[in-house]
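Mind looking over this structure? Questions follow.
Naming follows writing order (A, B and C), and every chain is counted from residue 1.
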């Protein structure tokens, strides 16, 4: 209506469309409509904000440090190899106090091996022979202990080998030589830090009293901050028996979980421990257990090498740490980092006023009223 | 219209706005509108639900246990240091059967070092000297083998040091002394468990027949559950040559992936292996390879220390495990845990009725009709 | 209105509802409406696409390989145990060049222990006694060094034990014997690869010049690709003092972050290092520090075992690698993998035409105009 000029074209951009509304004055419809709106609002405020704490930010980046230390000694008396004392420097492999470590619970010792000629073990399939043709000279025995010399020994029905002699006589153990290992204690020190929030905590009681940590023992209710576990208790919490596991070994996982809510008190952020057996208990005898071999080398007066070979069975422990931090206060917390130190450790003193629900609510949203103060301790 | 009383104010809340609609009876528009609606519906049902299995829940928390074991021996004959037999207790470092381990493929041996005085190696830049002023007494040689005594030795053009003598004569090796290491076998036992679903599986055939695992060798089609690899094959699957890599060493990653769909048969949840070389093959000679030194300490009759220093070159293996579990049945599966045992292992026998698509669909949604039964084996 | 036949029923499906619109020709309302629309558009294009690069895909799966090597020697002179030279094969535990390693900075040596009978250390609570009843024969001392023989020794007030004698005389060290360890150098080689994008990079300068890496030292501005750190500098970058930490040990985390944008130049993808102390500096003397024990075993002429026990204090380093790769070009990049090699390393030469903004824009979206070519170097 009217000519299409450039002016009216651009003015056309200033028109806009809107829906045409009807105002219904039907009371029944109106009530049900408002009830629906209230439900939505209640869901958002009640469920999402208050119950699920949807206003909180979440932090899953955790820096964790785990140090382990074992205590306890055991004396073993093997009819063949005599008395032997096992201390932590021997039965923890590696002894470095790491997150993953192995504890010897059983062993087969083959003392005084020297490089020479002897019969291969009958247990090695490739070492068995009928005549010399089965033992090609210079060929290593597959999965065996040495290099074939070309001779088939009638006495054992196996090839002669050039290797560390005598070879290990491998019979699968029936009982654990270090059965007393169940009274060993494991001390697990775990410090976690959430760099984004400058929040850090340790699972060890911060006490000046040295003797507490020398005598206490973990208890979920009485001593939650004494992370010292008896080895036997720890295995039994996985649902397995220590003495059964000690014979041929196994693998145990220790999970430490930190689920902390910064809007609650610092004292309510506690570690939770759980224990699980990681290797499946299959029926097959080949696949179960955990063992490996190591050797200690010596030299005699003539400078010749000899060694003691150990086949050790035991339990491998794997400590895993998970951390989650929740907070509706991220902006305030982040600004509380001490100047100069990138990730320096800092501990909170929680002083959020919980006098009235309103102050507490404002506080939770970071409003200056009722706000917490963070004093690095 | 009417006075604004409190009554009419509250009644006003019961009014509500709605858009005014037009019913268009245009057939062309109508067809295209319905076609569009059908497309959206087909996308949601066909793509999101059926193809992408959007109804399934996903579980990426996996508990994994890896145990490794090497077999094989090799005899090396070095003109300088004589015969030496390498067994797994020597060439696997650490010997503990872990997820990350190093296999020696080459070495330089420096036998019978004792603490004393000798010339620094000419390879160390800070050890070179023209006169005694270059060798400040008591100063350690930077990146060197000992502490300077203050003397510059004309014969070598290097400072005299107080250290373990004689020092290592470091020429970079040109061939691998343990080149036969390619026939060594690696056995990798991996057990995975998804705690949320109480689902666990191992990559080792669950057989009572011990000799199978002593003779078999991994083959993707014939022996997928025999996780025994020849070292040479394993390296060649990364696209590199074992003999090349053995000279100065390298780093190899082994990835085991478990992608399991609980709605399919238990036998269709299989591990997949992939192999990759982790260290880049740069042109620079300084940065390539993998080597380190260790020493074995002895005491002579007088109680004096002496040692043998080994510089070993070799291949580091890094085993990584990834797991993902899918299921539309999470609620039923979770309830099938055996009482008393937190995370006890349990295996499924899958009996979901797949007689008709309808039953199978109901089953997939966990409906009692056509439901699976889970019998722990 | 009209009869409801099947025909009109199905035709009814072709009707559809639409809102009734009003075209408002109010200029003020129109202007504000268009301004609002322009703001939304500007937000989507300017912020989401251009600034936050919402069109890019993200890759967080990174394959990383870390190799570490330490250089430096130090001579310690202990009045009790004499001169001792510490080289990397001694003070790095384990010596295998891994991502997690421990450096000895202090130690207590207990030489020439042999299996026999002696008094328990007075430091062990369970070893203290008043009379023989406190020392039940055959019982291991809890957290002690041996097995009780049933005697209470008046001279020390502790039980006699059967164990490695003499026992360690544990006084907590006051100064670090390896205080010169701060001049040791750590070389950290890190190679990362993003398999999805066939992208790989290392933190070591790719130079043919061997001597560069023998003399350089890390500097963020001058030598960002020389990953060689002095131990003392590295600790001081955590905000702590090396000499303080060396006395009783501690735990340090080294984080290497790779944030790479494939749409930018290859040279702008650089590693960033950050350093943090992982163990909290609590006041308690029991929980701080890092130490463990290990033993070296010898045999005398009669074949009897004796050993030297070391309690070592030191710093554990934990190297963590994080990688994130961004790209708007994922489809093109993925197709550039070399045939045959699963995850073979490949480096880019970046040739995206940045002549005009339009070409560059098309390029960024992977359009053939202005497209990059990827030549593996």
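Definition applied: a residue touches a chain if its C-beta (ideal position, glycine included) is under 8 Å from a C-beta of that chain, and two chains touch if they have at least 3 such contacts.
Here is each chain with its UniProt name: A, B, C = P2X purinoceptor.
Bear in mind that the values here come from a model prediction, so they are computed numbers and not experimental data.
Two copies of one sequence, chain B and chain C, touch each other mainly through non-matching residues, since under half of the numbers at the interface are common to both.
Fitting chain A to chain B on CA positions gives a rotation angle of 120°, reported to the nearest 5. Averaging Cα coordinates per chain places chain B and chain C 16 Å apart. Shared interface positions of chain B, defined as residues touching 2 or more other chains, are 19-20, 94, 298, 301.
In the complex of the two chains, the chain A residues touching chain C come out as 11, 13-20, 63-65, 67, 69, 71-75, 83, 85, 87-90, 94-98, 112, 180, 183, 185, 189, 191, 193, 195, 200, 202, 204, 206-208, 210-211, 213-215, 296, 298, 301, 340-345.
On the chain C side of its complex with chain A, the touching residues are 19-25, 27, 29-31, 33-34, 93-94, 100, 102, 115, 125, 140-147, 162-164, 238-239, 251, 253, 274-287, 290-295, 297-299, 301, 303, 309, 316, 318.
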